[in-house]
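Order of writing sets the chain letters: A, B, C and D. Residues in each chain are counted from 1.
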């Protein structure tokens, strides 16, 4: 575990956040601190279900990925983060123009890291908690990534 | 609850499966029976993470949405299905050329329906279980959808 | 949903908390407010595992039952509360002389209520968060309890 | 990981199962195979809630502890098993004279082991699935137990 987060590392993690599937979903990092990571997505028609609600999968993907990056803020650069499992409750339907996800580490282990993600539905100035997740993550040294377990 | 699933309803659900975010993710229905729903996605670069693994969010979205459609097969047409919560364990990384999701209803309630989803990583003829989810769903009459709860 | 909690009802819930298995486990109510319930157990040898840690089942039972009573504080007297599901993360082993559980409602629905429980390990004046749970509950009218679903 | 389970080790695990809180709850091992563990409890008044249903905490404790012992069957004797987290769905109320819990390892990792537990309500010859859990476990070498994480 690292006890501080350098500006350089924070900037790297913010850029690194939006690649692959996450870039395809148009999620972007908003703020990065040690043990905490926030992200945002501007909602477009392809984030919704047929009935206009924001799809649960959008919220779940955001909750998982942002939790993973909150864990990246407490480990050194040689470590990758893998999701072991997560659980998400959908508290009320999301309708809004954006989602913000706020993830915090609640258990700092050397290997097992646990984060919580709160997903807020944003309309104008109003933020409403729409989903909440608990995410179990594992820090794996890059050299051992192929031998996970 | 409906005790049978008509061919017409099964065909409707198979088409209805791929809309909004799910269409954007390119997931498609594969087979539909009463209490069971299977889907598939051909993996493309935008389904992966930076390290080449299939993103956990892809599996989670598929596990949730396919579980939801397994619940649709046991309710009558006036009901919508909402996800209350789900939990997913990632058993081993997914690398393959496709994912298949197989969802089954394990509790048929009038309101509360519980389904399990198994996500398989497919390479050639080989299928490997890569993730497993338990999903709690709620059947809500269309007329009450805005008053959920 | 009830918008207030009478003193009489709070006192009833505090007494009602400790019956059956919960009485056998020696858990007791500590404080009751609308949407929040706290409980305590003085740890004895039979709450531990062979290695001296407090058993995960003790924490899970306390997290579930106290969450259920937090839900009781927001419904009227004709409703019973059933647990649909819960998920609990064990953040660090519990060794102490007591556990305190603090449960709060985070979603007030007419039927579906979601609460979080935090379980603290207590030694002298020190409280350490040892486990955290998310609990999905259902309010069922007493007349319909046998027809749950 | 051990590829076989000796009779001696199986007998040890069956005895070891019922200690501390588990002995207090009167749960007993029923059968032990590599990757699988079954347990039983004869239901007494102190396992119930005030309304006569078997308490959710009884099922959760059994699901967790039996899953842990299914993991013990695949590791060598120098390893202890800790529960990282679990999630349990209550499918229907339990009323019966006994519970049986059947736990199976679904992911064999060197460190992270995932098991499923099915809890059956038993009345006469009838077994009904009453709860199902997914449990994330960690194998920790005895020498490192105090430095978990």
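Details
Rule of thumb we're sticking to: a contact is a pair of C-beta atoms (placed from the backbone, for glycine too) under 8 Å apart; a residue touches a chain by one contact, two chains touch by 3 or more.
No experiment lies behind these values; they were computed from the predicted model shown.
Here B-C and C-D were compared by C-beta pairs in contact; the pair with more is C-D.
Taking each chain's centre as the mean of its C-alpha atoms, the one that lies farthest from the centre of subunit D is A.
Chain geometry summary: the mean Cα position of subunit B and that of subunit C are 32 Å apart. If you average the Cα atoms of subunit A and of subunit C, the two centres end up 29 Å apart. Averaging C-alpha coordinates per chain places the centre of subunit C 22 Å away from that of subunit D. The set of subunit A residues that touch two or more partner chains comprises 84-85, 87, 89, 92, 114, 134, 136, 148. Per the touch definition, subunit B reaches subunit A in the complex via residues 16, 19-25, 45-51, 55-58, 60-62, 64-65, 80, 82-90, 92-93, 145, 148.
Those residues of subunit A whose C-beta lies close enough to touch subunit C in the complex are 87, 89, 91-92, 106-107, 114, 129, 132, 134, 136. Taken together, the subunit D residues at the contact with subunit A in this complex read 84-85, 87, 109-112, 114, 134, 136, 138, 148-149.
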